[in-house]
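First chain written, first letter: the chains are A, B, C, D and E, and each begins at residue 1.
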Amino acid sequence: MNESFLLTILILSPLLGIVLLSVMPGNHRFINYMGVLGTVLPLVLTLIVFSLFDRTVSGVQFVEYRQWFELMTSISPNEPYTVAYDLGVTGLSVLFLMLASLITFLASLTALRLKESAKGFYILFLLLELGLLGVFVSENLFLFFLFFEITLVSMFLLVGKWGGFNREKAAFSFMIYNGIGSILLLIVIIVLFVEMKTTNITELTMLLKETDSLEFLSGDTRTWLFVLLLIAFGIKLPIVPFHTWMVRVHVEAPIAVVMIHAGVLLKIGAYGLLRFGVGFFPQQLKDMAVVLAILGVINLLYGAFIALVQTELRSVLAYSSISHMGIVLLGVASFNTAGLQGAVFQTISHGLIAALLFLLVGVIVDRFHTTKLEELGGVASQAPLFAGFLLAAGLASLGLPGMSGFISEFLAFLGLFESMPVIGSVGILGLILTAVYMLRAVLAVTFGERRPLFDGIRDLTAVEIVPSAILLSIIIWIGVYPAVLSNTLQLARTIGIGG
Amino acid sequence: MSSVPLSAYLVTALLLFCMGLYGALTKRNAVIVLISIELMLNAVNLNLVAFAKYGVGASIRGQVFSLFTITVAAAEAAVGLAILIALYRNRATVNVDEMNTLKK
Amino acid sequence: MTGELLVFIVLFLITITGGLLMLNLTKVIHMMMALVLTFLGIAGFYIMLSAEFVAVVQILIYSGAITIIMLFGIMLTKHTEAEPKTGWAKKGVVFTGIVLFFLIMFKGIRTISLGPQADDLHVNNTEQIGIMLYTDYVIPFELVSVVLLVALVGAVVLAKKDEKDEKEGEQS
Amino acid sequence: MDMETLLQYEWNSMWPEFTILLTAVALSLIDLFMNKKKDRSLLIWLALAGIAVAIVCLVLQFDDGVVSILNETYRLDSFAKAFKFLMLIGTGFVLLLGVPDESTSVRGEYIYLILTALLGGMMMASSADLITLFVGLELLSLSSYVLVGIRKTNPLANEAAFKYVVNGGIATAITLFGMSYLYGLTGETNIYEIQGLMGSDVVTDNRFLAVFAFLMIVVGLAFKITAAPFHMWAPDVYQGAETPVTAFLSVVSKIAGFAIMLRLLMVPFVFAPGTGEIITPDGISYETLLVSVRPYLVLLAIVTILVGNVIALRQLNAKRLFAYSSIAHAGYLLVPLAALSELVFEAVWFYLTAYLLMNIGAFAVIHVMSAEEEVTVASFAGLFKRAPYLTIAMSIYLLSLAGIPLTAGFIGKFEIFMSALGTEPKRYLLVTAMLAGTVLSYVYYFGLFVQMYFRPSKRQTPVTISNGVTAVLAITAAGTVLLGVFPSIALTFIHDHFQFLEIFNP
Amino acid sequence: MDYVFLIPILPLLSFLIILFTKPIYKKAGLVGTTLTGAAFLCSLVVLFSHFAQGNYLVEANWFSIDTVMISVGLEVNPLNALMLVIVTLVSFLVHMYSMGYMANDERYATFFSYLGLFTFSMTGLVLSPNLLQLYMFWELVGVCSFLLVGFYFYKPEARAAAKKAFIMTRIGDVGLLVAIFLLFWQTGSFELDVIFQAAQAGDIAPSLLTLIAILIFVGAVGKSGQFPLHTWLPDAMEGPTPVSALIHAATMVAAGVYLVAVTYPLFSASEVAMTTVAVTGGFTAIFAATIALAETDMKRILAYSTISQLGYMMLALGAAGYTAGVFHLTTHAFFKALLFLAAGSVIHAVHEQNIFKMGGLSKKLPKTAALFLIGSLSISGFPLLAGFFSKDEILATTYGDGRYVLFVIGLLTAFLTALYMFRLYFLVFLGNRSTEAREAPSVMLIPMMVLGVLAVVGGYIQTNWFGTFLGDWLETTPYTIAFVHPEAPFWIPLVASLLAIGGIAVAWLVYGRKTSIEESNERNGLHTLLYRKYYVDELYQGLFVRGSRVVAYFWMYVDRFIIEGGAAAVTYAVKRFGQAGVKLQSGQVQTYSTVAFSGLVVVLLLIAVLGGYF
């Protein structure tokens, strides 16, 4: 295959913005715009990758391979452990890539409001983007981990510096939980590396499949590795009970960051689970599918129930994310094409919807300076456009057909009902609960008597309408024409399982 | 053949070592602490010399080793005492218990 | 009972008594003196073990040099009151630990026998040592000189009063 | 033995040591005769020149085979070279840190004592004989004692030095006690001879004594590398000593400790009988000593990692914080040893390299800041506003210490993890401890981030940094990143030049 | 026929145009009405071309699950051609009506855009050839209903009602969804024809088929407001009255019935399912009718009436009366829409909904009163009006199917229907209470008149006298459905008519003769029970709403105290260890060595003990 440097250029493209920003004086008028511009380049490049991506062939595309370094032991110097710089995209990752750069761009728009130390913010923001892009184009576990950690550090700083009142606590909570997750991941990576002498994802997938005779790793070891992987990505996803950090971050982090966090960062968990969990340990996954499904149902219902009684919009949305990620787990647990496809769809869809919701929450914070549900209400009178978007987002989130959420949940449950109808029946109650809490929250904000306090509040401005409209139209687009995802995804080829 | 077995010397040395250690760990006077350490080193020397005579492949090596030990011990004692004196100059005490400003 | 054993017992008593006195006396000077006893006893052991040279060195350095240094140390510092008592709890911990250590080691060496004794150590003992020092152990021997240099420098640097300090002392 | 016999040894293999020795002696003389009022920074440059020469000599020896002199009281193999190389570089950095600027001055003794300490460390790395090893160890220790107490008007320094002497003395005595038994059981001081004699019947009969001797020796070395519970002196001493000395203790002294630990672990005891009985058709034999004591090494590593990290969480003083941090890192370094992995040399060496860069860097930053006040965690508040470059350098060190990718620390940690997971069976216990430790360490490393970037500063003045420190900061920061991005620099370097297996050949 | 796609597209266009051109405020109604009218015309064309050309199906690939292609398409068969006409017609009329009714509302344009969206969804629902597509539109109409119920968003009641409407129907939807999942895994397709073939070929286990049918029926129950998921429908009357006419009377709520009709082959394969449908329908019919007797709110009476009539349709379907059910659906659409629009006209005129506060309106609003009377008569089954025939058909079918208990219930319900309808009519329009009121503008009257005509003549498409035109036509459906032609005994229409007239008479006796009746606050037990709607709302409130809150709080405390508390405990433990470490670090030098030496002794002891040294 021809070598192209497109992906390298792509992941390094945020650096341009970083460099330009760092040479600009910190109080420059256009610093925010520069930051936004910095995210445009990656977006453009992602679009190029997305459009050049050949949907008719299988396998990894845009492959770049360079040997990076070798580890040699003095005892057996002729069998080095090779770590490579190894990029490539599959149907799965190209979707996540698209999601990442799009939401980053849109999130950067919402940060235009930022007044204080915008330079640092945007530099870290772009660094975060670099990490995200890298995570999704890594064809290699080592690189994956590397970029994963970049997101960790930049997130920590972003939350800790620009967050809300309890930002430092949230930042540490983020760091600790994700730190544990990342090290568990590292352990898995290293065990695979030590045993297989490679970290290339595709190669590992093949090797692990071929060596089903358990020549390399015993079944027990594989089970353990899978469990570790599950915890590692489960923290990220998050799976109850590893979710508290995520609620804190949702509540405390600056809106632009929460958009990325809810929209993309959490999705790394799903991505990892799909790419590595399903790819490397299909048998183990199958064996533990029931456990996974039960975890999924717990997530789904647990998040939904708690969201039902939250009094603060951000917390509602945080628990809603937990609930929605339960569906991803269910999709994975079903372990058939429909379910897995549903899991992917749900991940992407929730990324978009969560980003939209938090974008709107950002507006609430900006205009009303509160996110307490009881202090809000009747906003539709003063800001009908905003109310309309919020309502649309809420409906999308509760899985309204014609929007992306529906098709994802549909597929996930469709899959689940094949393999585990009983668990599916319990889980599907979550859909009702979702409607209950989502409507409760959204209606509490938009509906209700007009409050004179909010008279004179500005409705959405152009810079808010544009991203909201883009997100909403993509949500609807996917909802109406899901083939846009499934054509690219080509699940069977990507993850390598048959139906 | 000697009528005093090797173990007699070793036990003596062990006793001395334990006494030295006990002194080093419990005595309050810094000078005594230092000298207790010397006692421990003496025990080591006794071991070495005993092994030189009664050990496996007995040879003069043990004695040479003990000479090195003695020398180094002397140097250590000198340095230790010098430090103690510098300390005394600033603190006017040789009580080990009072040397506890560094702890947090 | 052979004479050798008798001598051993006497030396043993001297040594151990010295140690015990050191641990139990209250005046620092007395402790030092008790230790001299021990050092001398150890020197006696060395002679019994055909290590005349080491014995001499032991007397010179320990009973002599080190003891003198320590005495100087005692003189230079203030020791008006008796040694303060250590808390029983701590002593207890240390004592238990040491007794355990002793018992463990004691069991290992109680009946140890490592083969035939060397019988030519006393023959030209000093010469043997010298030869070995200058053949096998030249490098550590030279290195020891550096150790001594460091000790010398260190002792001087640390113990001497700085000119600055002196001036300050004069002014005050 | 006459002069001729003496001269026919390959003395030229000792050139690095000679260089250091000569430099030290020369400097002490110069210091003695130089005008007392005169600035001593010239001496530092001379010392650095000496180190440079020594490094050159060492590099020229890289591809020589094993050379040993005088019954292996001095032994030059790849293992020794690799560690000496690190020690030389580390000492170079420490000396650079001490370069005075307009407002400060430096003592001449400080300079050549560092060199003698280095000499001790180098001899330790290069010795295959208990006596050389012991003397080297003592040379390092004694020099260190004096160095710690060299600010003799400072009560803290005196106290630190005294604590160091007492603890160090006791540790030495215990080690020697162990060595005496080792000698007694074999009648030899050469560790390769010991290795051969360890399988004898006498040792087998007294195998527990051998095990005890081993453990006592380990205690003394564990003291040097600050492994818990033999670490407690370190925070106090680090805090009381001058920052460059602290850097020296935490880096060079530790490298020496690890060198000797590795050698003692790998050489004399490999064939020694352990405690567990194995019943074979031929009768009863014993598992090897290393297998028997491995659980305790594991315990040592785990306790060290946890103690270091947990207590570091509660520290306010920056030097103490880094003392505990370096204890924790010692724990990480013990992991490959405890795992008895085939990667042990590579992993330890690489991690030491990374550790050298990042830790010296961190202490350099503390050194800069200690010009203003006793450095606490709070002193870092708002540092980014006051000294952005310094802060960025510090961030790099902290990330590396925390083991974040693109830094040398990560690659190091990666190798350590590999070493623990590459053995059969996999050492999950060690890995778990490392996991817990690393996560805990995030709290305090990133706590410093919080201070530097998030908190407002009490002072507004910019921080002054001397040229020497700037050089150290630049080199270490660049090195940390470079080794993180291109680890092959170091990895192929060790592979090409160091055949660690030489350590096993008598 | 190929232009059938225009039917959903035109309303969608209306929705989009109005949504994006809200500034052209006053034109919104016109745009909406025109486009819906056009859609109605298309529907007529489609209907007539169906007569000529028969069934029609067009499909396209939508997306794929692995190898299974999921398609979208449009299907025209007798059932949905009929539905299309009903939907677009009522929608068109309601659009027109709303131009008058909503004229003064400041969110006039929004209203029409919602109507457009609804019409789109409803026509889409009707045209769906597969279950997935059907389900999507099924949900969409629900959302439109939700939006329109909550149209007066500033009213707390509207907010609550909208929420309730959405959630209650969603409960049903989930049932439908599960049914779809199960069908997919049984047949590998969402396509109705594939599914029916599989069902007929016996590929689906009978018990599973029953389960699936019942689950589908759960969906229908939710949508059609059948017991026990009926409580949202009366509350939905918080929405503007045209909406009630369109969505909550004629079209969307009938979608449940439509769904059962569409999936009829599945039902007819399972006796249990059929019985479930019939019993639920019958019970709901009489249940809602009794509540309507005590209700005082005009729209709510109509709402309960709707529930009851939908129950009737379900009863018909459950009793193998496919034609009967569909027939009643059609006529009901006409007369119930008429009733609602007329009620809207009243409300528009008097701004009051409590029937006890109205009276004598026939003088003020003669046209409305006349139209309302037609509607009432029709729904009561007054002979020769539309309702008479369809109700007759249902009763005959039920009787013919041998479900005599349900038949009696049906008769009873017919009686009750007449009773409550005329209670309403007499209270509102007769008497001599004088209220200020003005007749509605013609833009509102014309639609009512159209519906009035249909409510009268609509029944003649299927009569035993002039021919079973509807039934014959429905038989051309592409799916095999067992059509039953009940040979109804001659006395059934007679009894039914008598009961209807009896109901009217009773109403007259109680309410008609008096000039003015005050709402009495003294109620006896039965009346209270009816007035409080059998306490179903209270029961649900206590059981589900409270219940879920209790569960939610339970989990929230688990979250707060066990999960976060657990993390906090770990943190605390680590801190305590740290503190202990710091405390041990006392600065006392001998402590350090003691600790170190103790470490050595411990290890020595361990190895001695474990290694067999002692």
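In the analysis below, a contact is a pair of C-beta atoms (placed from the backbone, for glycine too) under 8 Å apart; a residue touches a chain by one contact, two chains touch by 3 or more.
Quick caveat, the model's predicted, so the values are computed rather than measured.
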item: Identity of the chain that, by mean CA position, is farthest from chain E; value: C
item: Of A-D and A-E, whichever chain pair has more C-beta contact pairs; value: A-E
item: Relative to chain A, chain with the most remote C-alpha centre; value: C
item: Core chain by centroid distance, with centroids computed from Cα atoms only; value: A
item: Whole-Å separation of chain centres (CA-atom averages), chain A against chain E; value: 37
item: For chain B paired with chain E, centre-to-centre distance based on mean C-alpha positions, whole Å; value: 95
item: CA centroid of chain D to CA centroid of chain E, Å; value: 78
item: Cα-centroid distance, chain C relative to chain E, in whole angstrom; value: 100
item: Junction residues of chain B - those touching two or more other chains; value: 20-21, 24-26, 30, 33-34, 50-51, 55-59, 61, 64, 68, 72, 75-76, 79, 82-84, 86, 89, 96-97, 99, 101-104
item: Set of chain D residues in contact with two or more other chains; value: 131, 134-135, 138, 142, 145-146, 149, 152-153, 161-163, 166, 170, 174, 184-185, 202, 208, 212, 235-236
item: Multi-partner residues of chain A (at least 2 other chains); value: none
item: Chain pairs in mutual contact under the definition given at the outset; value: A-D, A-E, B-C, B-D, B-E, C-D, C-E, D-E
item: Touching residues (chain side chain D, partner chain A) in the complex; value: 342-343, 345-346, 399, 404-406, 410, 414-415, 417-418, 421-422, 426, 431, 434-435, 438-439, 442-443, 446, 449-450, 453-454, 486-488, 491-492, 495, 498-501
item: Residue ranges of chain D touching chain B (in the complex, touch as defined); value: 130-131, 134-135, 138, 141-142, 145-146, 149, 152-156, 158-163, 165-166, 169-170, 172-174, 176-177, 179-181, 183-189, 197, 200, 202, 235-236, 239-240, 316-317, 320
item: Chain C to chain D touching residues, read off their complex; value: 104-105, 108-109, 112, 114-115, 131, 134-140, 143-144, 146-147, 149-151, 153-154, 157-158, 162-163, 165
item: Residue ranges of chain E touching chain B (in the complex, touch as defined); value: 582, 585-590, 593-594, 597
item: Chain A to chain D touching residues, read off their complex; value: 68-77, 81, 120, 145-146, 149-150, 152-153, 156-157, 160-161, 168, 171-172, 175-176, 179-180, 183-184, 186-187, 190-191, 193-194
